[in-house]
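Each of the next two complexes has chain A plus one more chain, namely chain B in the first and chain C in the second.
Moving on to the complex of A and B:
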C-alpha cells in the first residue's frame, strides 16, 4: 500500500538485513538465514524446544537526506509482530561505526506460533509533532517458526490413509472416494484412500511398467492434481482480508502462491491484485461467477499437466489398440 | 463427570481441527436443539497432556456458574468470565493462538454456553441461532477465545480490572479487540482509561464512544507510532511461565473476587499517561455515530462503519 502522508517523509530506501540469529545463546547456522527470501528459519530438526531467539539487525538508510531533512529526534524502531498471537515486540536501533543502524530484537517462542513479521519504522518529530512515521523498510523480513529451510512457500502434504478404518475419523463419510483434498489448514493436504480402489496405491507409487500402467498412473495423478489446484484456488479466494477502501488483499502463505500462479490464467492480462478484485466482486455480487469456473478449470488443468498426460494416454491407448488389431 | 443430559465429559481437554468441526455446526446445533455428536467429535480430537491446566472440569464449572449468575443478562457474563477463564486455562499466546483448543471447548465441553451467550432473537417462530463463528472462528469472535484474549490483551500485568472495564462495553470486544494497535499494551490501557472517564461521567451509549475512539486511534496509528511515544517494557516471560507452572497446584479461580494474573510486568504508568491526552483529543475530534436513531426490533448488526478493520499488518 502506498500511503499518503500529510507531512514530509523519507524518499530514499530503508533496507533491513538480519545479520545473525542466536537461539538460546547459540548461533544459528547461517544457512538458516536467507537474504534473498528475507526469511529466517528458526524451527530446525534437532532443536524443537527453545525459549528465546535474538536477531541482530542492520539497517541502511539515506543518510544525507535524513540529516538535511525537516526531521528531528529520528528513531529507528524494529518491530517484530505476529497476527495470530497478537504479539508485538519493538527495539530501538542505534548507530554503529559503519554508518548503519544496528540493534538486537528478541523473539520469545511462547509469544509466537507460525511466522513473525519483522519490519523497521523510522519515526521522527515533524512540524512540531512527535512520534510520526516518516519511513519504513522497503521490504519486511519473515521469521518462520515452522519451516526447516528458510523458504516461504509451502508444498502440499500427501497422506495415505484408509478412510474407512484409518485414524482420521472425519474421513469416514468419504470412504468410497479415492482421494480428498483438504485446504483449511496451513498446508493443503491430499488424502489418498488406500482402501477405496484396490491396486491404485501400487499403480500410483510405481515407476516404469507397461504403457497401460504408466497411463493409469499419469491420469490418476493428473486428476488428483486437478482437484487439488481447484480446491486450493477456491479456498484462497474465499475469506480475503480487505484494506480501508474495501480492496481485497492477497492472502499469505500457500494461498498467495496459488493465487499468484493461477490468477494470470484465470483472468489473463491483469495484475494479480486487479484480478483478485474482479473475482471477489463476481463472487460477492454473483455475476460472472460461472464464467470464472472455466478459467479456474483451465488454470488447474495447466498446472496438473492435464493436456500433456491426456495426450500421452490417448497415444498409448491407440498403440494398445493398434497392437491388438495387428494380432 | 456426568452431565444432566446423560452424556459424559472427557476428563482432559483436546484439540479439534476446523475441518473436523465444520461439518457438525448445523442449524440444530446453533439453536441449541441438538448437542454436537460427542462420540464422533471425541474420536476426531487430539487429547492434550495430563497437566492440571488441561483438565475439563474447572472450565465446565466456570461455564455453569456464569450461566447461573448471569441468567437473563448474558452480556454481563463476559466481564466475570474472561478473567476467570484466563486464570483457569493458563497458557502462552502461542498455545492460545491454536484455534483447535477453542473448537474443542465450544463443541464438546460447552456448546450449551455458546448458544446461551450468543443466540440471536427468535424470528417468526424460528428459534434464534448462534452464528457458526461463535463455535469455530477468529480469536475476537469465537465464544471462548474472545474472552481469553480479552483478558490477555487488556490485563495490566497481574491486574485483571482493565479486562472488566473492556468487557463492560461490548463494542470494545467486538471492534477494538480486532485492531493491531492494541497489541501495544500502553495503547490498549490508554483507550480503556479514556473510556473509563466517559463511563464515570455517565455518558449515554458508551459503545458509540468506544467505536469512535478505536477508529480514531487506529487511523492515527498509521502515521503516529505509539511505541515511540509510549515505550513498553518487554513482558517477563519467565514470570509467565512460573504462573503457568503454578496451575499444577493452584486453587480454582475465585468467584467473588478477581483472580490474579501472571506477574509478567505492569504497563508503565508514564507511557499510559503520555497517550491519554492524545487519545482524548482524538476522541474529541472524532465523528461519533449516533446509533440510537436506528431503532427497530433488530439488534444492531454492529456494522463497523467508520472503523477500519484493517490491521497495519494486513499490508505487509
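Moving on to the complex of A and C:
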C-alpha cells in the first residue's frame, strides 16, 4: 500500500548509511554497525552509563533527478525517533565532496528507552509551498540501546530462569509450570522454568542423542511454540487502531510480522486488512469467534511443525517397539 | 644526436650482406687491401674521414649516414613471408601446444598481455600505459589491409592447413569461411607505452627472440618482480587470433642496429601443411629476407617506414618505447561476447578485474598502470576511448589499497570508510642445500588490508592475494568466520606488492612464485616448490593461509553469534520474518498493484487503479476505498464522486465486480471534494480494495 502525493515527489532511491558511531566521544568498533541489517547496537559490555551517542551518516540520492526536478530549497533531514518515549531529534545534512549528503545526529540516552528509528526526510518547496516532504529513505535503520549485536529482531526472546528462586519476582506464582509466554512487552518472551521439571531443560538444549531424547525434545519444543504463537496472535489482534470507517490498521513491529505471517492461514484468501476486519468484527459482535480459534490453532501448529514432529515421534515409537519385539 | 648509431663493424658487415658485395669487392672499389676492410668489419679499426666519403660514394648514399649509421643504406628489400620447412625427422605439429594452455578468451588475453607490459615497465617513476583498440575492417579498408599483409601469398597455406582433419584446422576453416561471407575482419591492437619494447638481437637471447622466435622462453628481467615465469602468456596473443596471425611493431628502449623506432615483424602459427609439394612445419614470419649467411632468406624484422606501419595498422602515434601487437581476426572463444560493443565491454571489465590494484595510486607509490580501450569500425569511432577506472568495478578494494598507499589505515575499524591493516607472517623455507640445520627460514610480513564491502560489490568476504607488481594470484575465502560477520573486502599484499625492499621481500616473492601453477592462480604444492625448497614448504603455505584467516577474524571484530537465548530446537520454531516461513506463497488475495493519481482543478483526486487478482472460481466483489494517509491515528475516509470500470471489471452499487479467472483489472475514480477533511493539496491519498462488506455476490 503506497500513498500518492498531490504534488511531485522523488522517484529514485534515497539510501541511508550509518558510517560510524561514537559514544561519549569514544569510537565504537565497526562491528557494532550492520549495514546489511541496518542496525546499530549501542550496548557495550563494561559500559552501562553513557550520555550521548553521535552517529555519522551518509545519504545517497538521485542527484540528476533532484537537480532537474520541480523542487527548490531541497533539505535533507535525518530523523531519529522512538515511539515509546515520543522523542524526535533531527539534524540537517550537508553536501560532501563525494556527492553524498553527510552529517551527524546525536542520540541522548535519557530521551530513549530501547530502540530508536533513524530515517531521512527530504523536504523541499514544491509549487510555491515550502516544507513539503518529497522523499524519504527507502529503509530505516534501528539504533538499539540494549543490544550488543547489531541485528533486526527476528525472533522471540527466550529466557531460562528458575521461577521459584530466580530474579523475577512476578514468576513465583507460576512456579509449577514448565514455561510461560509473555506478550505484553516490546518483544514477546518465553520464560522457561529451569526449576520445574528435572531433565527437561537438558533434553531441550541437547542435540542429537537417542531417538527417545530427540522425540522428547521435538515434542516439547512444538508444545511451547504452539503456546507462543497462539498467545502472540491474540495479543496482536487486540487493541488495534482503526480508520474512521472502522477498518482496523495493521499494527507495527513484531505484531505486524506475526499477523502477516499467520492471517493467511487463519482466514485464507483475504487481504490482511480484510481478515483483520473480520476477526475484530467477530470478536466484538461475538458471532463466529469460535471458528476463528480453529484457524488460529492451525496456523500456530504449522509454525510449530506439530504434524512433522508428531509423525517423527510416532515412527520412532514404532521403531522402538519393533526393536523390542524382535528381542 | 639522440642515440649514437651502430658500431661501425657490424653495420658495414650488414651493408655488404645486403648489397651482396664481398669484402674484397669493396677493397678493390676503394683501392685498398682486403685486410683493411676486414679490420673495419672486425672492429679493429675505423676508416678515416675521406675514406668514409669514398665509401658513401660506393654505397650510393650521403656521407652523413656513414657517420651516423642509424639506418641501412640500400632501400628495404621486398617484404615476404618465410615459412619454416618441415622437420627432417618427419615430425608434425598440428598446432601450437602453448596456445592450448589457456582458454582463447578475451579476458585471458587482457590479463596476460597487460601483465607482460607491466613486467616490462621502462621508467619506474611513471605508469605503463596500455591501450586496447578493437578495429573492424570491411570493404575497401579490409582489402587494402589484406594487400599490405600479402594475403594472396598466405592464402594457399591457410587453405591447405584448413583442409586437414585436426582441431586447429576445423576452426581455421570456419574463420576463413566467415571472412569470405561477411567480408569483415576484427583487429585487436594491444599497445603498451613506457615499456621496454622488443630489444635484443634477431635470433639470440633477448626480449625480441623470446617473443618472436621462441616458445616457453620467459625472458623476464625486471629484477625478479615479474608476474609470469613460464613464458606462456604471449601464446594467448596467437590463440586470440582466429588466423594464428599477429603483427608486431616495437619502439625499443635501447637501440638495436643503431635504431629504436618501428621494428616490425609478423608471425603466423599454423599447423603442419603441404603446399605445392613442399611440407612446412608450422610458424612463418613476415619481414625482410635476411642477408646474413647464417640465416639466409629467413624473414627478419625490418625498420619500417611510417607509410608501411600505417598500412598495416601498426602506427604508434608517439615515439615512446613499447610494443604494439596486432591480433588479426580477434575473437572471444568463450562465446559470451558477440559484437564489437560486447568485446569492448568485456575488455574494460577484464582489465578492471585483473588490474584494479595496479591502477590505484597513492602518496607512497603512484599507479603502475593506466589502461584504455577504444573501438573503431573502418576508422570511425564506434565506442569512444574509455579509461578503465579501478573504482568503478572494485570500489571497496581500490579504497583499501589507496588507504594503504596513502598511509591512512587504522588498526581497528570504527567507521565504514576506514581500512584496517594487519601484518601476517609468512615463513620462507630455505632453498635445498642452503639452509643450516633446523633453520626454519626467514620471516616475511605480508600486509592484510580490510574494509567493509561496498553495496555494488558482486563478490565480497574474500581476501584478494597479490604479489609482484600487484598481480592478483588468488581469492581466498577465510574459514570459520562467525555467523553474521559484516560483508568485507580484503587485500593481502605479499612480496614486492608490499612496496617494501629487503631480503625477506625478494625471498618471499620467489617462494610464492615457485608455488604457482602456470595459470598463476593459487599458492600451493608445485614441482618447483618441492624440488627447490627444503621440506616443509607446503606446510608453511598452509600456516600462512590459516594466519590470514586469523587476522581477518581479528579485524572484522568479534560479534556474538548468539542472538537470543534458549535452546536451538525451540528458537527455530519461533522466528518471524524467516525467509522460508511456511506461508511465503504467492498472495492469494486481491492487491492494489499501482495507483496513478493527480488533483484536478475542483480539488478532487482523480485516480486510476490497477488491481491484481489471484485465480478464483467465483467472481470478486470488492469495495474501492480512498483514505487520506495520516502520520498517526485513524485515517479519514474520502467519498467517491464517480467510479467507473476501465478494464475487465464493472461497477455495481459502488462495488467493483471482477469475473472469476480475470487476473488484472483497472478502474478509475474521482473523489468528492466535499468529503475531504482537509484540502487535497495537503494530504496523501491511499486506495484500497477491500472485500465488500454486508451483501454477498
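We take it that the second predicted complex is superposed on the first by the 207 of 327 C-alpha atoms of A that agree within 3 Å, B and C clash if a C-alpha of one lies under 4 Å from a C-alpha of the other, contacts with A are read in each partner's own complex, and residues count from 1 in each chain.
We take it that contacts are C-beta pairs under 8 Å (C-beta built on N, C-alpha and C of every residue); 3 or more make two chains touch, one makes a residue touch a chain.
Note that the coordinates shown come from a computational prediction; the quantities given were computed from them, not determined experimentally.
Looking at the shared chain after the overlay, A:27 reaches chain C, while chain B stays out of its contact range. Once the two complexes are overlaid on the shared chain, A:249 sits against chain B and chain C alike.
Touch criterion met: A:218 reaches chain C, while chain B stays clear of it.
By the touch criterion defined above, A:109 reaches chain B but does not reach chain C.
The partner that reaches more residues of chain A, of the two candidates chain B and chain C, is C. In the superposed model, A:54 makes contact with neither chain B nor chain C.
In the superposition on chain A, contact is made by A:156 with chain C only, not with chain B. Touch criterion met: A:5 reaches chain B and chain C at once. In the superposition on chain A, A:121 contacts chain B only, with no contact to chain C.
Contacts of A:241 after superposition: both chain B and chain C are touched. Across the superposed pair, chain B and chain C both touch chain A at residues 1, 3, 5-7, 129, 241-244, 249.
The touching residues of chain C, counted against chain A in their complex, run 412-418, 452, 455, 484, 486-487, 556-560, 563-571, 573-578, 581-583, 585, 587-592, 595-599, 605, 607, 614, 625, 627, 629, 633-637, 680-691, 693. Contact residues of chain A toward chain B in the complex are 1, 3, 5-7, 51-52, 75, 77, 79, 81, 83-90, 106, 108-113, 117, 119, 121, 123, 129-133, 140, 168-170, 182, 184-185, 241-244, 249.
Within the complex formed with chain A, the chain B residues making contact are 17-20, 22-23, 40, 43-44, 92-94, 96-98, 139, 149, 152-153, 180, 183-184, 222-229, 232, 234-235, 237, 240-241, 308, 310-311, 313-316. Within the complex, the chain A residues that touch chain C are 1-7, 15, 17-22, 27-31, 33-36, 56, 58, 129, 148-149, 151-152, 154-160, 190, 192, 201, 204-205, 207, 217-218, 220-222, 224-225, 228-229, 241-245, 247, 249, 254, 257-258, 261-262, 264-265, 268-271, 273-274, 277, 302-305.
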